[in-house]
């Protein structure tokens, strides 16, 4: 039933001529990008949450999806409780950071009490995916099954108009926030002394030699899990004002994150960002143009990439 | 001074090292023997990478076995692994940094890497995976001596190198010894060991068969072959 | 370190055959003593066994987690739904079973070519991804597949043109399932399984001693898929209804969870796992309607962390040998 | 010891004598004795999964419905109702649970099945195998009684079908905006969404043929992180007179947030919205028409009606929210139907009614339920909620004003007509 889209015509544009066409195309193209921004930032953070643990400590851990769920719910509850419909950017960022810390704490606790004892990747995958059921069960008991929402930040930030496209400012905030987190992470990894230790133990380095060189593996792994938990929880918190928090969404988050790793490659921050754009924009375009493929497109992209480049577009082969 | 007493290490269910005792003080000792004789295992046990089943490893009279792997370098044991094992995505400088920042070289006089390994000066900003085998070996050594540990372990440090590089590295080993370090090495061939070792310990099935200077050992071996 | 090598698949001895016989005898007699819905559950358990065996083969021999069994169950189910339901072509099992078998073998072979390119985490995610492609296409092609409402009123099956009653279908499922168990025991005790284990142990070494690695891997994947295709046909007939949820990856994950609960170090694993999971899910969720997610999640997590892939059968075996030692 | 035994013997004897007496008395009355133990009723309601977002308190509300029947209506034939509540997970589980309820738990009727797929899977088996009075709640698909079980005997439904709800929606939209020319409409991408949009367009075409649907879209259903920006942009570009929204659950929350932020509602009025009737009302908008499937049980004036004046406060006290979804109150409607059916069958035959008798009696019954008066016509309850009203905020609570109720003859497909024939007649009736 989908009808052809009528493209945006900015008011005051002369309706004929070459300029009009190119401007119209540019505008349409920009609208795809803007509309994809929330999903892009969400995918970047979630996928890197999974990617970071995989890259630094060579472990597969799916707990992040549960933490994402907790992050979303806690942001909604805390935001509604403290801020209500009064909104200030600083306090919202403070809430996000607090939620991030909570996520980090959960991640470390789960690692220390449970994941530490798992021996192989396959065990980790199965055990942590079962753990997701536990997370969603706890969410159900605490918050019930009705979706909850805290929309003040999203609504109060207002909208901008860029070349005839209406874009909520929150989209830019969300994308900026996740990009800043990614840049901070990149800075940490590549410019600081601690980052050096992380890279030494990563799949690119050599875990045993890192320890021989005096890197404390336990601390590195704990911090890795903390950062991963933080990213996941903040992803939940950032997305909650747009989409609310609802029960049973962790599976989908997990899939998108895993697919992004397949496409983007392990350990590549740039790969994660670009893949997020590819998947996000592909979703937006197919949603309007080819609804039949909308749900399938991320999976089709991942399968195609795997056939052409088995280690992801920017990935390299790791043996561990 | 490094002293090993009754060291026993299991590899799976087999004994790789059997009640081995030895001492290194102010010299370059090289463990030699065939493949699987246990020479690498001894080094790895001292470095803390493999689990020791019984025995003692004393560093200046202090047992190092309870010290966790990542504290060994700090307590004064540096290890150069068999096949270099650099952090290959990092630059040479970063490779050396890792060892420096992880360890507080408490009270030890720092070694001058630039003086010992002048070849590295021009390579500091190159990615280590782009270096040649010999250069990588140098980085590996630099990484181990960066914090000036008292005992150095070299695992087959001359393996797979060109003749000129072998000579260069044996000179470096001698220079390091001159700084007052104890050095324990492992080599699979007596010829290579003879290039830098003061004393050679011949291992067979995890036990010491013979000890002596390179020339003595060579003679013993050729005698035993003739006897057969 | 290398768990793949240290792990062994037990050889099929006389005891395995006796156990299979006892198992068969029990499931033959059991329907006379239980109520109808329990028979439905039992039938579901029997039908799950082939699919769980598929997961078992890939796990115990190749060390891969196969989340994609739902692809082939879905294919089998939808073939049945179209032929015996929507378009009413035939409800003859002797046509539908071979048809589903051929389709799943072809699809599994084609998919195996590129899914088998990667191992470990990537293999698992690729299984999920392909499942979800199938799911979303079936879900979205509403005019053909009925979308989320699925296809109901699938006719009851007939065998050699003789219509099967509910009980008849149960015994047919039993024969198929026991047949596949016996077939799988043969497969697992052949040189095929040895070669696969060699591949899992060291891929390059296996290649160097002349094992056609790629072909063997694809063959294992195809066997798993064929098993699931059969399951799909009979499940569709058992419930007379299919919906796209058979293609969801969560459904495929159930078979992995079953295999883990049952254990992949013993032939009894898939059987114990299939029945164990179904009963756990059904009865826990009827007794503790609100807590079942937590209970099942924790059960699997604890099994994995304590006994790893040995599962319930592993626990029982350990207990048994301890008692015997005393 | 001996004394104790003798004591228990005497007790037994007395009981036996009394029982015989009771039997004689029953025989004298020409009517069979009604058992005194509680009557078990099975509930198969969603407690987990996406469907549980619609009716989050289904389990509690099932208990409350039974409590209400026991407390205020004196149970069914004097027997206390004992609810057995299970989680409707998916179609396969629903089939197994129906089997367990009939064969193991020996319930005497089953209520439940929110999702169409479990309703479709269960209904044929009930008709062919279990033959137990079954009242499906929701399962709104039209195919149920037209294709899957055209000659239903045991299966009834308390829940609107597509035609019923669409007629209510169209009428409400036309009443609010009589001069509407262009409409944009969006729904979740699954069977219900497609059906309801198709019916809306068909019926709107009958009522007002010159209305154009300028933009129709279906968004992914129940996805994590739904993103509707592309659809919202398109709706705004098409500049329709009104927007009609069918997104619910987490999609509904996301849709409202995003549409609000992008200023959709400033450009295009939201006239009708299914979501506002099914959520807690957090995202409701002043003056928007919303469907409440819980009928006049939902929003005040529930105080006035019977049995809402007692039942709704019970729900509010226990769950903290007003019942907004049909399932919340229709479990009570179902129990009231069953009570009436049991009593009528017992009165007519003088025997404790069999399943077949109950199922037969159910057709044609009328009860005063939380929805007001509803009747069972052609296996379909006539007043299952389907009120459309205007949202208004009163003292921090959302209230539904100006309820629009469409007369039964206008919205119920009569037994002798197909859906298409019925829709064909609509324009004539309208004129």
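Letters A, B, C and D name the chains as they come in the text, with residue numbers starting at 1 for each one.
By definition in this document, a contact is a pair of C-beta atoms (placed from the backbone, for glycine too) under 8 Å apart; a residue touches a chain by one contact, two chains touch by 3 or more.
Here the structure is a predicted model, which is why all the values come from computation and not from measurement.
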- Which of C-D and A-D has more C-beta contact pairs: A-D
- Item | Centre distance in Å when chain A and chain D are each reduced to the mean of their C-alpha atoms | 38
- Mind checking the centre-to-centre distance between chain C and chain D? Centres are C-alpha means, answer in whole Å. 37
- Gap in Å, rounded to a whole number, between the CA centres of chain B and chain A: 46
- Note on the structure: Taking each chain's mean CA coordinate, chain B and chain D are separated, in whole Å, by 79
- Where chain C touches two or more other chains at once, by residue number: 139-140, 290, 292-293
- Query: Which residues does chain A have that touch at least 2 chains other than itself?
  - Reply: 140, 251, 291, 294-295
- Provide the list of chain D residues touching at least two other chains, using ranges where the numbers run on. 47-48, 189
- Message: Going by the touch rule stated at the top, which chains touch which?
- Response: A-B, A-C, A-D, C-D
- Considering the complex alone, what residue numbers of chain C touch chain A? 3, 59, 63-65, 114, 117-118, 120-122, 124-126, 128-130, 132-133, 135-137, 139-141, 249-250, 253, 256-257, 260, 290-294, 296-301, 304-305, 308-309
- Task: Within their complex, state which residues of chain A touch chain B.
- Result: 193, 196-197, 199-200, 204-206, 208-217
- Message: For the complex, give me every residue of chain B touching chain A.
- Response: 47-49, 69-74, 79, 81, 85-90, 94, 97-99, 101-103, 143, 147
- Show which residues of chain C lie in contact with chain D when the two form their complex. 35-38, 40-41, 44, 139-140, 142, 146-150, 152-153, 166, 239-241, 243, 245, 282, 285-286, 289-290, 292-293
- Item | In the complex with chain D, residue positions of chain A that touch it | 1-3, 5-8, 31-32, 34-36, 38-39, 42, 140, 144-149, 151, 154-155, 157, 159, 165-168, 170-171, 239, 241-244, 246-253, 256, 283-284, 287-288, 291, 294-295
